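One chain, chain A, appears in both complexes that follow, with chain B as partner in the first and chain C in the second.
Right after this comes the complex of A and B.
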C-alpha cells in the first residue's frame, strides 16, 4: 500500500488543538466530573467529606425550596415562550414589511434593550416597581388614583420579572425571526398571493414552515436561557429571593446553597437536576419539532 | 487587527508595573475603613516583612474568597476583616475545619476578654471557641424627627416603652394627600427584611438560636413579639411604614417625612448624616423604648471582626499588628469620627471625642448616648444557619402582615395564632437544612403538627 505523504509532522493538528483542549479539559470536563463526585458527598473543604450516596438527591426531592424554585423557573420559561416569542415574531413580521418607514431605526430601538445587560435592566425595573417613588405607581396614581404604596415586588414578583425579561429579550429574539423571514422564498410568497392566499394563509402555509427551523432554535435557546435565570431576579429583588421566595429560581438556589452556605455537595445535586431537566425538555422540544416537520 | 490587538495587549501585560507584594496583606470590605487603616498604618512606617497592605474587597466577593480559601486552599490575606453574614457559613463544618485561628486562650491570657465589651464576642464565639477580634459594639438607638414631635407637643424622650410611644404618637399618622393612604407613619419597619425584625426580637429577649445553637424560631417569646409587630403594621391603627433601607428612594422618603422615627445602630446614625443632610438639626437620638417597663432599651445590628486564617504563617506578627490597630486609641477616635462606629474597647469610652456635640443630631453628644447602651446589647448567635434564619424570619413576618391585612386580624389571640403558624413553618424550613449537616449535631425541635 502506498503511504500518504504529509508535508508536516502528523502531530501538528493536535498541537494546534492543544490550547483549546487544555482549557476545555481543565475548566469544563474536570469540574463536570468532579461535580458528579461532589453530588454524592457532603463536604466542608477537601479534608472533611462524607460519602452520602443519594442523600443529596433524596433531600432534593423532599426540599420544598427546590420545588418553589422549579415552579418559579417553569412559570418564567413558559411565559418566555408563550409571550416573548410570539411578540418577537410579530415585531419581526412588522419590521420585515417594506412599507414601514424607518425600519432600521426601529430595529435598533427594539434590539437595544438587550445590549444593556441584565444588571442594568434589573436595577432599572427595581426602581420602576418601587413603592411610593417608583415610576409605575406614580403614573398609575396620577392617572387613576392607584395606591402609591402598592408593593409590586412583594405581591407580583413573577409578573414583574416576566415584564422586565420581555422588555429585554423581545427585540433580541426579533433579530433571529427577522433573519429567518428574509430568507423566505419570495417566489413562493408571490405564488401564494396569486393563488388567492390572504395574509393569514400566507403566514400559515408559507412563512411558518419556512421559519420553523429557526423558530425551533429560538424556542430551545429561550428554554435554556429561562432555566438559567439568575441575575435579573437577584438584582430586581435586592440580592434575595423576594418575599416567600417568590423570585427564587433554580440557579439562584444553586448559588445560595453553593456560594453563600458553602454546601457544595447539595449545590452539585441541584446543578445536575437542572442539567437533567434541560436535557429532557430539549429532547421533547426536538421530538415535537421533528414530528411537525414530518 | 486581531493579531495587532493580541500583540498590544501582551505588551501591556508584560510591561505594566508589577503589583506590590512586599510584606503582608489585610482584606476589608468596609469602604470607609480601608483608607483610614491605610493612613494609620502608613504613619507607623512599617517596612519589609512587617509592612501591611490594606486591600478593599467587595462584601460578596470577600465572602466567596474566604469560603474558597477555607474549602479549596485558594490564597487568602494574612488578616481578614469580615462581617457576620460572611463569617457564619465558615463554621458550618467540624470545629477543627474552621479556617480561622481560635483566639480564646490568647484573649483570656492577655486580659482582652475583660478589656473588650463582652457581648461583642458573641457573634464570633462558636462551640466554645472565639474566632475573631471584635471591631464594634453596634448598640441601637431610636432616631426621631424632633422638630415634628416637638411641634405636636410630644416629648418623645420620656416615652420609655413601645406601648407608651405609639399611644402618644399614633395621631401623627396622617393622610395629607387625601387619597386614603397615609403619607406619614410613626416608625420605619421593613416588611420583607429579616434583619430589622431580628433587631427588635433581640431587644425583646427573643432568639433565633439558643445557647446550644439549636433553632428556636417558634419560641413563645418570638411568637408574641412577631404578633405585636404585625399589629403595628396592620389595621386602622397602623403605625409602621415600609421603605427601602439603603436606597436613594428610601432616603428621599425619610427626608420627606414618610416616617418619623427609625432604629439606628452607630454606623447607620453616621450614614444618616451623610445621606439626609436636609434634616440636620431636626433629628435626635434616644434609647429604644422598651418592650416592658424597665426592659432593655437597646439592641444590636451588624458586626465585624478581624480573623486570622489558620494556614498563614507569621500568626504572631499578624496578631501583634491586629492588636496594635484594633486596640489603639487613635483607631477608636478616628473610627468614631470617620465612620461613626463605636470601639468595643471599654477603656477608650472616656475619650472626649465621644462627648462632643453632634450638630446633625441637634447638638446631642451622640457618642455618650451609644456608650450608655453599649454594655446592654444582647448576646447574638453565631450559628452557621444565621443568614437562613434571618431570611426565614423576614418571610414569616411578611406573610403574617399580609394575612393580618387581608383577614383583618386585630386581636392579640388571632395574631398570635397566625404568628405561630408562620414561625412553625420557618422553624421546619430551617431544621430541614440543619438536620442534613453531618458535621454539627445541634439542631432544634420540630413544631408539633
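Right after this comes the complex of A and C.
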C-alpha cells in the first residue's frame, strides 16, 4: 500500500460509515434474521405468536391462493419480457437512427409515465378501464364500435394490468436500450451494410452482441421488478385482489396476510418464498446470458 | 459500341439512387409516424386525466375530453369547473397531504443522499481495516428484496415505538446501500487523492474536505441521486400504508388510495386528486430532466 504522508484521524472512515452501518444493522440485518424466526411462527399482530416451525412453509406449498398469486405474477413477468422489452427496444432502434430529429423531445415524452408512481398509475388506469366512461372503451367504441360495457376490471384483469404496465414502463426501458445502442460500433455497422447484411442481419450480428450486456441487465431488472408487483394491481382493483383474486400477486398476498389478516409469520414465509424465487430466476438468467455469449 | 451502354448504366445507377433516396424518405416518414403515434398514446391518458379533472359530473359522462359548445375551438369553456380541486382542499385534506409528501420526500432525499455520499467517500478514498468487508456488505444489501423486510421491520418499529411516526419511515432509508455503491464508484476515479492531501496540508479537517472538496466534484451524482430518492419516496405506497395509521400523517400516495376507495364514482375528483399528486414530480422532471436520466442510467452504463 502507498505510504500516506498526510495522515488523517484513524476513526474518520468509520465515523463516515457510522450512519450506514447503524441503519444496516438495525433495519436490515436484524430484520433479515428476525424474518427467519418469524417465518417459523404464527402470529396475530405483533403481540401474539406461537412457534409452528415448518408449518408455514408446508401450508404455503399447499396454499391455492399462493399458487394463484404465483401464476398471476409469472404471467405478468412473462408479458413484461415478451411484450414490453421488444417494444422498448424497437422504439430505441427507431430513435437511434442518425437522421431522427427531436430525439430529446420524444425521449421526454416516452419517459414521463415511469415518473408517475405505480399507485397513481393504478388509480389513473382504474378510471381509464371503467365501463361506459373509461377512456379506453369510449375510444375503442368510437373507432371500431367496441362494446362500451366491456368489463376490463371484472373479467380481463391481467390484460388490463399488462396494458397499464406497458404504458408505464416501455419508455423507461427504452432509455436503457438507447444507452446500450451507444455501444454499437458505427464502422462495424457500415462494414456490415457494405458486405450486404440486411437490417435483420445487422441487428442479429452487430447490434445484438453490442447491447447484450445491458439487455441482460434490463431483463434481470424487469424480472425482479415484475415479481415484486403490488401497487399497480392493488390500486387498479380498488385496494383488493379483484374478482376471484384475478389480480392477486405474491407481494399483494404477503401484504394481505401480514397486515389485513395480521399473520406476520406467514407473511415472512411468503417473503422468503419470493426471495428464493428471485435468486433462482437471477441464476437462470445469468446462466442463459452467459451461454449465449459463446 | 460502348457509349450507349455506358449511358444506360449511368441512367440505371441514377434511377436506383433515386429509388433508394425515395425509400429512405419513406422510411423516415414511417419512423416519425410511429414515434408520433406512440407519443400520442403516451400523452392521451395525461390529457384525459386533466380534462376529467375540470369537468362537472354530467359532462364527465357525456364527453370524452372537453364538453362541446359555442366557445373557442367548439369547446364549452364556461362549463368547465374547478369544483373538483376545491373539494380536494376543503372536504378533503389535500393541502396537508401535499405538505406531508413534500416533507417526507425532501427530508429522506436530503439526508439519504448526504449519508450515501459520506459512506461512498469513506469506502473509496480511505484505506482502513474492514473496508473490504463493508464493501461486500453494501453490495449484498442491494440484492435483498424489499418485500422480505416489510413484516420484520413493521414488528421492529412496533417494538421500539416508531409505528405511526415519520421517524419510522425516514430512519430505515438513511443507509441507502445502492447510493453508497453509486457514490463509491463515482468517487474512485474522479476525486484525486493528491487534492485531498493538499487540503490536509492546508489544515482542512476531514469533514470539511468532504464538503468543500469532494461534494463539488461529484455534484452531478448528488443531484441525480437526490432526485431519484425524492421520486421513490414520493411514490412509495407500501411503507407509509403499513407504518402510518393516523390519516393526518398520510402522504399523497396513501391518501389517493383512500380517496379512490371512498369516492368510487366521483371520477372528476379522482382525476383531480391524481393530477395534483403527479404534477409536482412532472414539474421537477421537466426542470431537471438531464440529471434524472443520467442518474437512472448511471448504473446501467457501467454494468
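Methods note: the second predicted complex is superposed on the first by the 273 of 294 C-alpha atoms of A that agree within 3 Å, B and C clash if a C-alpha of one lies under 4 Å from a C-alpha of the other, contacts with A are read in each partner's own complex, and residues count from 1 in each chain.
Operating definition for what follows: a contact is a pair of C-beta atoms (placed from the backbone, for glycine too) under 8 Å apart; a residue touches a chain by one contact, two chains touch by 3 or more.
As the structure is a prediction and not an experimental result, all values here were calculated from the model.
Novice: In the superposition on chain A, see if there is space for chain B and chain C together, and answer fit or clash.
Specialist: Chain B/chain C on chain A - steric clash.
Novice: Return first, second, both or neither, reflecting whether A:132 touches chain B, chain C, both chains, or no partner chain.
Specialist: Both partners.
Novice: Is A:163 touching anything from chain B or chain C once the two structures are fitted on A? First, second, both or neither.
Specialist: Neither partner.
Novice: Considering only touches as defined above, state whether A:223 meets chain B (first), chain C (second), both or neither.
Specialist: neither
Novice: Scan A:70 for contacts with chain B and chain C and give back first, second, both or neither.
Specialist: neither
Novice: On the A-aligned overlay, A:259 touches which partner chain: chain B = first, chain C = second, or both, or neither?
Specialist: both
Novice: If we overlay the two complexes on their shared chain A, which of chain B and chain C does A:27 touch? Say first, second, both or neither.
Specialist: Touch status of A:27: second partner only.
Novice: Between chain B and chain C, point out the one touching more chain A residues.
Specialist: The partner with more contacted residues on chain A is C.
Novice: Is A:206 touching the first partner chain B, the second partner chain C, both, or neither of them?
Specialist: After superposition on chain A, A:206 lies in contact with neither partner.
Novice: With both complexes overlaid on chain A, does A:99 touch chain B (first), chain C (second), both or neither?
Specialist: Second partner only, chain C.
Novice: Looking at the overlay, what does A:59 touch: chain B (first), chain C (second), both, or neither?
Specialist: first
Novice: Which one of 42-50, 258-266, 276-284 or 294-302 is the stretch of chain C that crashes into chain B?
Specialist: The segment of chain C occupying space taken by chain B is 258-266.
Novice: Take the contacts of chain A with chain B and those with chain C, and give the residues found in both.
Specialist: 46, 127, 130, 132-133, 239, 259, 264
Novice: For the complex, which residues does chain C have touching chain A?
Specialist: It is residues 28, 31-32, 34-35, 38-39, 41-46, 48-49, 52, 60-61, 64, 115-116, 118-119, 121-123, 126-128, 130-131, 134, 137-138, 141, 144-156, 158-159, 171-172, 174-175, 177, 180, 197, 200-201, 206, 210, 231, 234-238, 242, 253, 256-257, 260-261, 264, 267, 270-271, 273-274, 277-278, 281-282, 285-286, 289, 292-293, 296-297, 300-301, 303 of chain C that touch chain A.
Novice: Which positions of chain B touch chain A when the two form their complex?
Specialist: Listed in rising order, the residues of chain B that touch chain A are 60, 63-64, 67, 70-73, 89-90, 92-94, 97, 99, 179, 181, 191-192, 242-244, 247, 249, 252-253, 258, 384, 387-388, 391, 394-395, 398-399, 429, 432-433, 436-439.
Novice: Report the residues of chain A in contact with chain B in the complex, numbered from low to high.
Specialist: 42-48, 50, 52, 55, 59, 62-65, 127, 130-134, 141, 145, 147-149, 151, 154, 239-245, 259-264, 266
Novice: Touching residues of chain A toward chain C in the complex: what are they?
Specialist: So the residues of chain A touching chain C come out as 1, 4-6, 8-10, 12-14, 16-17, 19-24, 26-28, 30-32, 34-35, 38, 46, 91, 94-95, 97, 99-100, 106-113, 115-120, 123-128, 130, 132-133, 135, 138-139, 142, 167, 171-172, 175-176, 179-180, 213-214, 217-218, 224, 228, 230-231, 235, 238-239, 250-251, 254-255, 258-259, 264, 267-268, 271-272, 274-275, 278.
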